[in-house]
Amino acid sequence: MIYKTNSVSDIKIAYIGGGSKGWAWGLMGDLADEKELSGIIRLYDIDESAAKSNEIIGNCLNEVDKAVGKWKYECAPTLEEALIGTDFVIISILPGTFKEMDSDVHTPEKYGIYQSVGDTVGPGGDIRALRTIPMYVTIAKAIKKYAPNAWVINYTNPMTLCVRTLYKIFPKIKAFGCCHEVFGTQNLISAALSDMEGIQDVPREDIKINVLGINHFTWLDKISYQGSDLMPLYKEFTNKYYESGYILDESSHWINNSFTSANRIKFDLFRRYGIVAAAGDRHLAEFCPGSWYLQNPDKVKAWMFGLTNVSSRVIDLKKREERSERLKNKEEFLIIGNSGEEGISMIKALLGLGDKITNVNLPNTGQMQDIPFDCVVETNAIFQKDSVTPVVAGILPNPVNGLVLRHVYNQEAILEAGLTCNKDLAFAAFANDPLVTCTLDNAESLFNEMLFNTKEYLAGWDI
Amino acid sequence: MIYKTNSVSDIKIAYIGGGSKGWAWGLMGDLADEKELSGIIRLYDIDESAAKSNEIIGNCLNEVDKAVGKWKYECAPTLEEALIGTDFVIISILPGTFKEMDSDVHTPEKYGIYQSVGDTVGPGGDIRALRTIPMYVTIAKAIKKYAPNAWVINYTNPMTLCVRTLYKIFPKIKAFGCCHEVFGTQNLISAALSDMEGIQDVPREDIKINVLGINHFTWLDKISYQGSDLMPLYKEFTNKYYESGYILDESSHWINNSFTSANRIKFDLFRRYGIVAAAGDRHLAEFCPGSWYLQNPDKVKAWMFGLTNVSSRVIDLKKREERSERLKNKEEFLIIGNSGEEGISMIKALLGLGDKITNVNLPNTGQMQDIPFDCVVETNAIFQKDSVTPVVAGILPNPVNGLVLRHVYNQEAILEAGLTCNKDLAFAAFANDPLVTCTLDNAESLFNEMLFNTKEYLAGWDI
Amino acid sequence: MIYKTNSVSDIKIAYIGGGSKGWAWGLMGDLADEKELSGIIRLYDIDESAAKSNEIIGNCLNEVDKAVGKWKYECAPTLEEALIGTDFVIISILPGTFKEMDSDVHTPEKYGIYQSVGDTVGPGGDIRALRTIPMYVTIAKAIKKYAPNAWVINYTNPMTLCVRTLYKIFPKIKAFGCCHEVFGTQNLISAALSDMEGIQDVPREDIKINVLGINHFTWLDKISYQGSDLMPLYKEFTNKYYESGYILDESSHWINNSFTSANRIKFDLFRRYGIVAAAGDRHLAEFCPGSWYLQNPDKVKAWMFGLTNVSSRVIDLKKREERSERLKNKEEFLIIGNSGEEGISMIKALLGLGDKITNVNLPNTGQMQDIPFDCVVETNAIFQKDSVTPVVAGILPNPVNGLVLRHVYNQEAILEAGLTCNKDLAFAAFANDPLVTCTLDNAESLFNEMLFNTKEYLAGWDI
Amino acid sequence: MIYKTNSVSDIKIAYIGGGSKGWAWGLMGDLADEKELSGIIRLYDIDESAAKSNEIIGNCLNEVDKAVGKWKYECAPTLEEALIGTDFVIISILPGTFKEMDSDVHTPEKYGIYQSVGDTVGPGGDIRALRTIPMYVTIAKAIKKYAPNAWVINYTNPMTLCVRTLYKIFPKIKAFGCCHEVFGTQNLISAALSDMEGIQDVPREDIKINVLGINHFTWLDKISYQGSDLMPLYKEFTNKYYESGYILDESSHWINNSFTSANRIKFDLFRRYGIVAAAGDRHLAEFCPGSWYLQNPDKVKAWMFGLTNVSSRVIDLKKREERSERLKNKEEFLIIGNSGEEGISMIKALLGLGDKITNVNLPNTGQMQDIPFDCVVETNAIFQKDSVTPVVAGILPNPVNGLVLRHVYNQEAILEAGLTCNKDLAFAAFANDPLVTCTLDNAESLFNEMLFNTKEYLAGWDI
């Protein structure tokens, strides 16, 4: 890297999962919008042709006037070639294919278990984690060998176990996990300010928050805006919209869009616990007992959120593949600018170009009380030159802590099961999941079937 | 107290709940069997006539030849009179009446929630705890005022919250909680030794164990007998009887007796977690998700244990009242000797008459890892002259820890709710209970109804 | 308080020690320089006439053109009147008089114990703490009663025990302690940048640091400037000036000024521990074994720092008293602007007028590993609207931790001794101090003499 | 091993340091006295001829009538041969020779630093530790490879760092450290009972104690005998003999014997801290600031203990070598019976032949509060079949904790220095030692000289 006043050039970034037809394009657009940074992106993907396509698409940006950030994109045929000498590593992969995801999400429906996402916890999240852990073992070993000093940013789910695996295999890794779910809650609070007080268009960054919990089951115990505590306002807001729900973006109404919600679960959790649940309702629902929000499709409808089925994802991918072709052919160009993610501003802060406080997933080193050290938690942290320092976020209220710790220990069990190919331990965790509300016999059948469906990613297991 | 060689006389014991027609008689019989101790028992009960009756019954023992331990029984009309100058305090009360217990156990059945005991956790245990906490606040304050140096032995359920409340109100109290549930598991292991190896009549004390967990959800991660690890034997034993169950005492077959079981839950938990669950199946079931063992009466039957209905307790009480009359009239005398409880041997150890290692409920001061300090846990401890020292019991396996901590934090929430009359917090804990498998709406209705049924014990609450 | 866009008026500040002829003037000047804030300062002092004088002096500022911040100064005759309804409390007192300080600093010289400051640790700091603790008990109780929601900023030494006492007496107090010693080390690093690299006039705020330790014995394990790690540069710098020392401000050469130094102790500690000691050498020396830097006046001279005798403080006070007269008579006006302290910018951040990251003294809630919770530590924290959130600062290297913890436990002992008037415990701590290098007999004589000299502040003690 | 009722035969014990002319003979005598155990002892020593001699001496015991415990002694030429298939490993070695010990103890005298033992802490203990750590790395690796399930009993000093190194290298090792110093304090309390109360000949095992601290700087915060707290008695006893001292065994008066003392240091520490220091005065003195007890030989004499010079050890060895010859020639036989050590009774308890509670050195897993996990502490533990379970010993009073933690962190630094051959870190710890009261320059000269004197044991260091 070459440092100049307020800019850094010759940055090297390895993008693992660089064939992505989504996140990668957002990142490319963000980088093109950022004139203080420039360098090389090495795209690595197990689907090398996808990485090749993105190499073409990314380099096209240099022909776009608005693209002030200049980057060279290169397809890296191996992990080693992507990593050697790199300054940053971005990991954003799909662990397995839609075939496995389909099993994760829909096989449990046979036993009356519905999942709104299926990638974090719940039966789907558990099995996805078992499939992902060996991939992250490989990645962690490669980083240890080829790029031990690089900063590593993870976007893949299950976030907690991805980051946890990286640190387990390579304890000195400089890795953290980024997730935009908390931002959505800041946006909701901004909307509440507008709705209740007429204060409009407050940028989410101006909503000050204290973040604590684990990824996708994150909480805010302090929210304020310019010198006033917003908890009372949020309380009124949740009361006002408790029954009707509140739709943040009318263009993506939950009734048409399985990726959104009317925030009723958020309101219900606030009513009961007095602190703000800070993730999308689809994620929050999956961390709670199955009888609460995901009992059946009618209940889901009543709580005004959606079950994301995998077929919609397949359709979506189809569209993105078509777009990929257009982008390669310069029939269309990537959008320059803010994807809503914070990755670039984090990279800038790590390069010393301005401090930043934001929420991030890191091993617990004291930021959260009553959660074991080393478990990955999500709290605010200060990003500065070559350092990410979590703040002391404190402790969750007892009833919330009970809900969270249940998953913390389940995730620890899954980690151990994944690292040691221990089927009994994996099932013990699986059966403990709050969404696994079926009988133990059924739980075992379901587990075996789901494990079988993902077995090609489970080398060393006895399935 | 007067110390002589190997004996202590003039011991003063306050018995709170001294009108009891069960535990009290067992204790009286045990004391009569113990020639190294003598003194005065002050019986205090909110039902003073019941205490009066026990005064008579207890003093009758002095006419029995076999009664080598000489004690004088006195009814104490007030807590103060019972406590002043006392050396030991025994607390064994029924918090409320069978009317409230009936609501605890049976009201949830309206919503399809079945409980095998209903006095520890689950909806019944939660409500019972809320009712009991103010009673223990009163007791703790009285002990602080009148008998701050006395040793306090609790037998009341919910054990964990009774002991926790005592320490919360009076942190320097010398209190611990005793429970015989672990002994039953030692007896089962002794039976396994006989069944599998032909080694007969091994006394339970000779089965060496490491105990960890919380009361009624207690676990053993080490079991041995005379130089051999019994885990492999217990594994074979659980496999042999996994389907059929194993009945420890044929005279009290589970099919006729709602207080017993065929240990199938214990076997199932061992199969999944690899460590020994060490409480009666009726208790263990209540700590687990409702879908596992208590889904409905048929499931309970299939797992070969019983739901203890309160009407059977009423019938039982009737019999005990009749016996009380006979005992008062000297038509019958209490049985001298071992009730199966360890209270007396603990008192002896605290008096310096021989060390003792046994399991006991105490605030966590390091004996259990990953459970917050001050929460009440059950582990082994060494009883010596004027000291109870817990051993470092270690840490539970991850999946078990997740199950246990869920209750630990729920109990902390109930404690706080009980101390501050906080209905919202109480409901938050109630809804988090693994047995509360109904919808949130139903949970709220149930909670309100149950709270209403016990409202005369909830001074200061807004019900 | 009245919030407008980017400004707050009608702020109420209680200044305890408001008769000060030093800190108070600096604060007044800082406030006058700050146009976003205005309100009332209530000056409370046990010397009411001194507070009266400062009322006059402060209000004179309103006649100064450059004084853009408008404040009204009022002498408050009682603590109660100062505190009721206040938003902020500033505590900056002299515990006792120069008579007691003279004993703190110079009595130990009889036994060959030399102290460079005598207000933090060492025999002088210990005795000063015992005298100060009851004062802070009074202040904490008054804040609890009259201003429980106010933010409390402490400037008094011994910082650690002042803040610790406030929290001990009133655990929900919103207090923190400010100290400028770390700033001096940032200035030194800025000077090193200039000296070694020719990068000039880097403001100290741009030197990014991770702060950890306890007040006046604070350490930096990360230092950077605009994207580069400064540890290697600082290492070279310390080597270059190890023998000669480095004088930051030639106008205050250590040889003429007992308040300054040539930083040789800082260099020596860096050489041995590899991390930056971040306080003035006069303070650092007092935390180390007496044989290292304070063995005798010659050794002090060799290490190029000064012993601050109390007579120089008396002379200094005399000058300040004369200045007070001139200020009251408007012969002179206070200097408007930056005193080098951060109090005002912290107040602004707490009012929601811009976030701030700086080092501060707070009870440990996770920010420092291996130091007990609740002990007061100095680390970075984020100041935001109504919150001060410490960052996870980590853990000191083992040899430094040993030095620091020695004082942590000594301070805990002194706190307990001060609260309970326990002379034996106070002596146990006193004798453990690393500067108390005399024999135990002499230590006892010294302790008794020093305690006697401060006895009028030790109500309840048996002296 | 072959288990029979109440006995175990065919036990295999590897004795590392098996050529010893002291401890080994005591162990042989103890084993011969114990009829419930029999088996094979494999003697390994870097001085193979010494091991050979002990093979002969040990086997001679089988000719002695009183020798009811039958053991076969075999010299093992390699560590591997000693360890393979062994059930127990005893480690009792002299790290280095008297030449190195001479430097440890006497080189510091050049700089006015006197040591009473020089094998635990202080400059001598520090250097001895650096020399010992690599030996224990070798031993730990061999145990991991050849006898991972064996129980390992360490007797070598520095105890703390020997045990710490074993666990650092092989975390699953089943090792603990035994030391008889606490027993001496129990004997002293027994003597106090006799002296003050006329209760004679109370065996030390009947003095019940709670042990906490680190080896050779161990403390008792509870002492009792048959139902009475002995703290008041011990207080009177220490007052009575504070000036005169109390000599436990007149036959070994401190004035003639550098291995004993008149317990004045124990009395002084009790007077100041209110808890019982429980090691020999010679050891206790070395953990305290040099100005307290070891300032100079006159001070040592005034405190009535002795400096153990190495020349006396040389003379002693000469005598033992002569005895070795006589033993080999059957001119003399080993004494059968109690050496005063507890090793055999620990082995019996681990074999399941009776529980035992005694003090032992183990990694901290919760038994001591405020000392980091994994550091080796000395507390009571319960020995049962194949398990050693420490009890929750609690926390030391603040001033004592400060003294203890100073050494805990120093030892951690020395461990790290020893494992990584880090001379700077070693010196940082060395200079922090409370006995190193000389100037920093002298400390550095002394350190270099002492390190040079032991350099042949410091492979990989740059000396």
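Here the chain labels run A, B, C and D in written order, and each chain numbers its own residues starting at 1.
By our rule, a residue touches a chain if its C-beta (ideal position, glycine included) is under 8 Å from a C-beta of that chain, and two chains touch if they have at least 3 such contacts.
Quick caveat: nothing in here was measured; it's all calculated off a predicted structure.
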Starting from the defined contact criterion, work out which chains touch chain B and chain D both, please.
none
Distance from the mean Cα position of chain C to that of chain A, given in whole angstrom:
44
Can you compute the centre-to-centre distance for chain B and chain C, using the mean CA position of each chain? Integer Å is fine.
54
Numbers and ranges of chain C residues touching at least 2 other chains
none
Chain pairs that touch, as defined at the top of this document:
A-B, A-C, B-D, C-D
Under the touch definition given earlier, write down the residues of chain A that touch chain B in their complex.
268, 272-274, 289, 291-292, 295, 299, 370, 372, 397-399, 401-403, 405-410, 412-413, 416, 424-425, 427-429, 431-432, 434, 437-440
Seen from chain A, its contact residues with chain C in the complex are 3, 8, 208, 210, 222, 224, 226-229, 351-353, 355, 357, 365-369, 380, 382, 384-387, 389-394
